[in-house]
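First chain written, first letter: the chains are A, B, C and D, and each begins at residue 1.
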Amino acid sequence: MDQPLDNLPLAHFLLTGAVIFVLGVIGFLTRRNLIIIFLCTEMMFQGVAISLVAFSRFHMNMTGQTFVIFVLTIAAAEAALALGLVVLLFRRKRTLDAQAWAELSG
Amino acid sequence: MTLELETIKWIPWLPALAAVVGGVCCMRKSMRNLAAPACILSILAGFIITLGVQSKVTVDSPRVFKAFTWIHIENFAVDFSFYVDPLTIIMLTVITGVGTLVAWYASGYMKGDRGYARFFAAVSLFIFAMTILVMADNLFLLYLGWEGVGLCSYLLIGFYYNKPAAVAAAKKAFIVNRIGDLFFALGIFLTYSHFHTVSLAEVLRSAGDLNTNLHAGGQGVFDLGAAPSVVVIPFLLMLGAFGKSAQLPLYMWLPDAMEGPTPVSALIHAATMVTAGVYLIARLLPLFALSPYALPIVAAVGGATALFAATIALCQCDIKRIFAYSTISQLGYMFMGVGAVSTAGPTVSATGAIYHLFTHAFFKALLFLTAGSVMHSLAGQLDLRKMSGLSKKMPITSVLMLIGCLALAGFPFTSGFFSKDLILADVVEMGRSNSPFATLYSVLGIVGVATAFLTAFYTFRLWFRVFTGPEQYEMGSDGHGHEEEGHDAGKAGHEQAHAPKSGETASAAIAVEHHHEPHEVSFVLMNLPLIFLAIGALGAGLWESKFGWIHHGIETSSAFLGYIPKTASDAGEAHDIHFTMQLISGSIAIVGIALAAWFHWLNRPAGERVARAFSGLVKVLNNKYYVDELNDALIVRPLRTLADVLFVFDSLIIDGIVQLVGFLPRALGMSLRPSQQGELQGYGLGMAFGAAFVLIVVLWSLNLVAMH
Amino acid sequence: MNLMTEKIAGLWPEISLLLGACSCIAAGLAGTVSVRRLAAPIAAVALAVAGVATLAGASPPTSIHIGAHGSSANGIAAPLACYVKIAVVGVGLLLLLVAAAVPNRIRSDQQVDNAPGSAFDAGLVMRGEFFAFFLLSLTGVMLVSGATDLVWLFLALELTSLPTYVMVATARDRVEANEAAVKYFFLGALAAAVFLYGFTLLYGATGSTDLNVIHNVAKHQLAHGGLSPLLLTGMLLSIVGIAFKIAAVPMHFYAADVYQGASTAVTAFLAFVPKTAGFVALILILGITGDHTPQPVIWLLWAMEALTMTIGNVMGLLQTNVKRVLAYSSIAHSGYMLLGLVALGGHRAGEAAVLFYVVGYGLATIAAFAVLGCLETNGDESQDYAHIAGLAKRNPGLAATLLLAVLSLIGMPPLVGFLGKVYLFTSAIDHGYVCLVVIAAINSAIGAVYYLRIASACYFGKPDEATRVIDWPSRRVGGTAAAVIALALGIVGGPLVEAASLAVDAPIGHPTHSTGIVLPPADDERGEMPDTATPQPAAPTTAPADDAPAATETAPQPAPETAPSEPAGKSSDM
Amino acid sequence: MNSNTLIPAMILAPFAGALVVALSRESHARAVAAFWALFTFAISLLLAWRFDWHQGGETQFPLSVEWVAAFGLNFSFGIDSISLWLILLTTFLQTLVVFATFASVTQRAKEFYFWLLILQSAMLGTFVATDAVFFYICFEFTLVPLYFLIGIFGSAQRTAAARVFFLYTFTGSMITFAGVLYVAWFNSQPEMAGLYAGAGEWSFDMQTLYLAAHHLTAAQQTWILVAMLAGFAVKLPLFPFHTWQPLTYAEAPTAGTVLLAGVMAKLGSYGMLRLAIPLAPAAALHYAPVIATLAVIGILYTALICWAQKDLKKLVAYSSISHLGFVVLGLFALNTIGVGGSVFYMVSHGLSTGALFLCIGMLHERFQTREMSQMSGLAKVMPVWAFFMVFFSLASVGLPGLNGFVGEFLTLLGAFTAEKVLGPVYAGIAGIGMILAAIYILHMVGKVVWGPLKLPRLADAPAPAAGEPAPKVADLGFREIAVLAPLAVACLALGLAPTPMLRSLEPAVDRLIAPMQEVAAADVSSPAHTTLTQARAAAQAAAPAGNVASETAQ
């Protein structure tokens, strides 16, 4: 196992994953367009996936990578759902501004 | 005639039965008149039984007749049982004797009243309660009678319930009595907690023993600090007695109680119920001896009340109120008498009080009933200033009242003379003894004499005002003793008596009635019982001084068994005092009567001049020292204000706090509401911060844990 | 492979539901109305079959849990799964009754077809799909209950949630429904990312996604100086993320809006299904540390519990919309149930109380939503207090159902809600959380305020003119049945209590106390004792279980070298 | 019929009746309800007849139906003399109430009688329960029927009253419930096993919990007492937790008020006697002065407030608080006289106050008002009503010979003689309540019964011209007299012959307070005695003989 990233410690990968996750969170909280917001959640998932792969590598087993496959599957399913939902919403209000959907409150 | 002693236990139950009958009679108009005979006969039967058994009751035979167990829990047992000793018999004689006569009188007096049956039901109930009171074997049962008579007093004072004044007076009587009753009840509790029994016989025996020990201990008696809590008992009981017998702090209710029908005033508020306090102290004398201060205080309060009430009576114009104050005053005498029993050196003298109680019952009942006759014929007029010279219209009544007045004034050889004299003699004797309170008793002796003078004066002021002088009168506005509700069909009886013109409206009939002439009342129904009373008022004293019935009875009563009289080494001196006092009080009475005759019969303008000269004093006395006003301003109103304030406090503050606590969750919810503004990213922010917060706090705390 | 087939054997209920879902979709696509109408009956049949399959599979002590380590995650899985599946089937049938009419409320296909020039509308073409989603979500819950692996658990949780997003979005033709779906979906995805992160950390800390292995590592760590921060953080993140499913603080924000916006029947569904999944998942996650929940997790749960019920109740007080009220009530009830999670294991296992309570809560809340769903104001759902006013005069039956539901939610004896509270409170007291119980008691009282307002509107108010009762027999039957069962379970709740405690407590044949509850230091051997004591240990199944402790025993704290071999073998198994 | 099935039959009878009412026609509801109420009353009489009065302290007719075995929950019944008297009170009042409401309930009669019968079931359940949770269930469930009785059939502010009533009492009892659970948990601790029967396992059996309580430390007991009082003091209500009560009593329909005051309030005091005191014996002893002080304040405070009332029903409602203060005072005297008197007072208060509310209800039926200023001198037009009103007022004031007196005096005497627990001061100050009672009751009677005639003007009646005779007001009819007369007879009977009842209560009361009396005799104040067991050991050390017997009797 003599690959380029081999001599990088686990922490770097985890940190990368965490940063992507946090960026996803920040994006989720700050962007206005629903599609972007959804992409940010995808980013969070991918951040986690990076960590998973890193752990998998660290533990020298495949479980983590298997997990990533499933995570990707779920992400895909969510994406499909999200797009359907976005279409529905756009038809209803002709806007995808997240702030436009704040009628229910209290 | 003698009866088995056993029969005495029927005495309370007969009136009780009569009360039930009376209650039933209330329901049916047709049965209304049955109530009176039932009542009279039941009381009469009690009287006969009392007389029948009295010879069987001796010093050795205080007997207890148990009817049934009343309250029994754990070792606290109270029986519904009767205790009979000579004192009981004396009291029963008064109650049933005077009771019969008053009821008899009332059967005429109340004729035609809508509440005729109700009246007699209540009177029967009263006799029941009163006999229970004097026959009670234990303090609890005594309390039952005590409150029972209070209730009847309430019901009868408020008999004319349409009159707000009557209702108010009834309420006042009950409440003031309740104040006394509370202390009485606490006294009972203390007695129980100390003696572990409330049975009279046992309490008296234990208290007697305790007294003996205390006396044996010598001066320790006066050491209040070392004394056990039992010394409080007499003070508690005393307050109860003051309430019932209208003594100084708690007397206000009695004058107002005159709102009731006159027979009620005679029976309950003069002859019987109000003397219950005297009876209580006489009965429980050994308990009162537990504290050396108790009896002197009783005597002092009695003396003060006697003088105080007598001064008020001087300037009153309402006949019944004069008699009411006179009753208070005479009750003061009795308390003086019963308080003049030395605890340091035992000599028996409570005789005077009971004796006076006995004679007073007769003459005061007589006075009230004759006043009732006057009222009856003047359509409820009671104001002295509005009547004069009635002796021609009402000769029998005037003579009867004269007899009563003489007895009250203590005119020599009337019954009042003997009994009052005995009390004064006792007090003076105490004043001359080596008692530590000798000075007090001396003062009381002077007070007693002064009061006797005032009594004579105001009594005859009344009599002369009413029956002498020019004949003039003004009819009353309403029927005291007549039903006010003119349009009610219940007037039948009276309408027959006065035969209104047929065809007139009912209210017209009243109008006519209000302007009829004064007239003598029915002889058989009303004057005949009065004559019996008059005989008692005149002769009781002479009879007693000849036979010594009461004296003997008291001496053989269980309360006094611990006080065997000294064999009268100083009997001679006592006799001297006695004679001296007779002389003084007799002459004082005559002077008082003479003065009254001068100012109110022979030279009325002179009387008015004197009154004008002392107009300030007269005004104060006329307004009863403004005690009612003071009472209202210092107690009733503040209390009522407190009630209102508390109500506001309750609904604002206490409920407010509850509401506030109830509002807290709501407030919390409102403060959290901004977190639910509906924006997707706002929620996301909340969630993200929540998760981050959890992580940071927990990891930070872990760090802390790790550092330790 | 043997294990695989064993697992398949245990998955028949899920398979049945999955087949049902497929059939529903197929039926929904059919050209004729009569076939399309078959969707709901098909769903019912699928549920029934799942129930039968569960019962059939449950009767012998199947080998799945043989490798139990005390009350570890794996150990409780099978009985737990049985219990949850039966509960899901039972409550699911009731939900189905309530929801059966939902597609009828959507504009009919015909209308869409007839509308000239109208484009494809995802929100409008649904018949069978609704029931398919319905069944899929239930399948997810069942899978959650059987999860022995984090991957499985993650997938199962997502399977539970994803269909509900669609149901929220499409089952009601209102803009609010869309808004609810937006919030639900996006926040759900956020939460999913959070607990996924947690799962990742768990994996990272232990090198395995097998709950059993994780449990053993955790046990080892606990015995030797405490959990590693990574494992702990993983647990915390998982708990916080899953808290979304149960609508607990701080993941509760969506609940009120989503419940309000969704179709009433879907709201009923949301109140039970994801919540059950969430609690079961939490039980599994907490099972990692067995009865020795680490202190920080206790703190977290403690705070979540107190905050969740308090916030739920105080916010519920302010609402005028009954659906929102019930949403906040749902939050508050999650708070009560968290009480059971701090009181894990022991003589009176809190997780059993949660399992019991969740059923009781589900029944009551379904009944309440069913009644709401039977009313209509101005052609829309009836949601306000004013709308249900005077219901007792108009329809005593519905009012009585609502009353029973509300009383059960209050915790009024003798309804099931009371029994649930007894269970929760006693387990919490048993674990020494008297203070929490008092907070919960006070909260119950606060909650009573708004529940009573519902009853009061129903019975004391004047009927609302604009509101009318819709005649939906299935929904009414579903609601009434739920209420009656809530009452019946309160009076004869014994068996369900037994079942709940059995579901988490001990495999059959073991005395309650010997299941390794006590965890003295260096006591790994004790955890295995049940293995040897089990009468019929099937050789192949014990093998991985034997491996697991061996791995942890040999592995020192970081254990990167030895660990891979074991999970690798395991993953190949899968 | 087997005697042991009598109790379940008695509880279920009203319940069955409620179901029958629900199924019957609106017009038949009252007859059906009357039948079932009478039937229940008959069962309770049968129960009293079968009851072994010589063993009043023993739990008789015990029966236990397993409910949730895992929790140790059982439906356990059994009665001792205290329960039996309260049961008789309940069934008796209920019967009268059903008859009393014949005319007044015209709308939604089915619902009315349904809830009324359900309420009866719950109340009876409370009195027969020997399992703490079963007790709590019934205790709590009474709220539901009353909530509807008040909310549907009450006066103007009924909804608010129902809500306040429910929430206030529910809040309190939730905390009580937590306390019960705590004691049960304590009992279930493994280290308790073997100390006494039933220890070391989950059980809510009251007798077992009583024994467990002896091992609680002083601090634990204090909290338990607080928890218990939270529910029971509110239910009673004890000052300062009373503010729900006047509103509720005033707004509730007559039937509700009668049962509220007559029976429901007793659930509070009964709970104190059955749970609060025995589950926290040392704390009860230690804090008796505090609670008694609250009781005394309540007596005086509410008595004064009564005087300021303008609404008849509110007046009696406040007076009820005042009277129940005596009950608490007696209970916390913790001696036989006090507690026995207190139980007696519970029953007698139920009769006399219930009757007063009935009287006021009858007035309300005629005039649709309860304002005292609106009416006066009713004795003139309604003499029979006036008789009953005065009679029950006097009973309420505590006139000797009537029921109120016995209870009031015994509670005061109990407090007076409770050495080391309470003392004369408590009795003395509480006694002022007797005076205040006279003031406000006579104030009320004086305003309404006596005085010049004044009738409230009915909304639909034309104003009478001056001088015109007053409009006819119907006095009580036969049915109304038939409702009040039994109450009057009962008041009189209890007043004149309370002994049978008191004697029968004695063993039951002794059994409940025996542990405390032992310790009270030894020493209360010493904080060193953490648990009752230790305290008792100390007591035995102090007085070697005597006490041992009672210990073994446990």
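We adopt the following convention: a residue touches a chain if its C-beta (ideal position, glycine included) is under 8 Å from a C-beta of that chain, and two chains touch if they have at least 3 such contacts.
Just so it is clear, the model here is predicted, and its values are computed rather than measured.
Student: Could you tell me which pair, A-B or C-D, is linked by more C-beta pairs in contact?
Tutor: C-D
Student: Measuring between mean CA coordinates, which chain is farthest from chain C?
Tutor: Farthest chain from chain C, going by C-alpha centroids: B.
Student: What is the distance in Å between the mean C-alpha positions of chain C and chain D?
Tutor: Taking the mean C-alpha position of each chain, the two centres sit 44 Å apart.
Student: Take the average of all CA coordinates in chain A, do the same for chain B, and state the distance between these two points in whole angstrom.
Tutor: The computed centroid separation for chain A versus chain B comes out at 97 Å.
Student: Chain B to chain C: how many Å between their CA centres?
Tutor: Here chain B and chain C have centroids separated by 79 Å.
Student: Whole-Å distance, chain B centre to chain D centre, using C-alpha means?
Tutor: 37
Student: Two or more other chains in contact with one residue: find those residues in chain B.
Tutor: 673, 676, 678, 680, 684, 688
Student: Would you mind listing the residues of chain D that make contact with two or more other chains?
Tutor: Within chain D, residues 167 contact more than one other chain.
Student: Would you please write down the residue numbers of chain C that are in contact with two or more other chains?
Tutor: In chain C, the residues touching two or more other chains are 182-183, 186, 190, 256-257, 318, 449.
Student: Per the touch rule above, enumerate the chain pairs that touch, sorted by label.
Tutor: Here the touching chain pairs work out to A-B, A-C, B-C, B-D, C-D.
Student: Would you tell me which residues of chain A are touching chain C in their complex?
Tutor: Listed in rising order, the residues of chain A that touch chain C are 14, 21, 24-25, 28, 34, 37-38, 41, 44-45, 47-48, 51-52, 54-55, 58-64, 66-67, 70-71, 74, 77-78, 81-82, 84-85, 87-89, 91-93, 98, 101-106.
Student: How about chain C: which of its residues touch chain B in the complex?
Tutor: Per the touch definition, chain C meets chain B at residues 182-183, 186-187, 190-191, 194, 229, 232-233, 236-237, 240-241, 244, 249-251, 253-254, 256-257, 295-296, 299-300, 310-311, 313-318, 446, 449.
Student: Mind pulling up the chain C residues that touch chain D in the complex?
Tutor: The touching residues are 347-348, 407, 410, 412-414, 418-419, 422-423, 425-426, 429-430, 434, 437-438, 441-442, 444-445, 448-449, 452-453, 455-456, 459-460, 491-494, 497-498, 501.
Student: Where on chain D does chain C make contact in their complex?
Tutor: 66-71, 73, 133, 136-138, 140-141, 143-144, 147-148, 151-152, 158-159, 162-163, 166-167, 170-171, 174-175, 177-178, 181-182, 184-185, 188, 190, 202
Student: Touching chain D in the complex: which residues of chain B?
Tutor: Residues of chain B touching chain D: 26, 68-74, 76, 80, 140, 143-144, 146-148, 151, 154, 158, 161-164, 166-168, 170-171, 174-175, 178-179, 181-182, 185-186, 189-190, 192-193, 229, 485, 487, 639-640, 642-644, 646-647, 650-651, 654-655, 658, 662.
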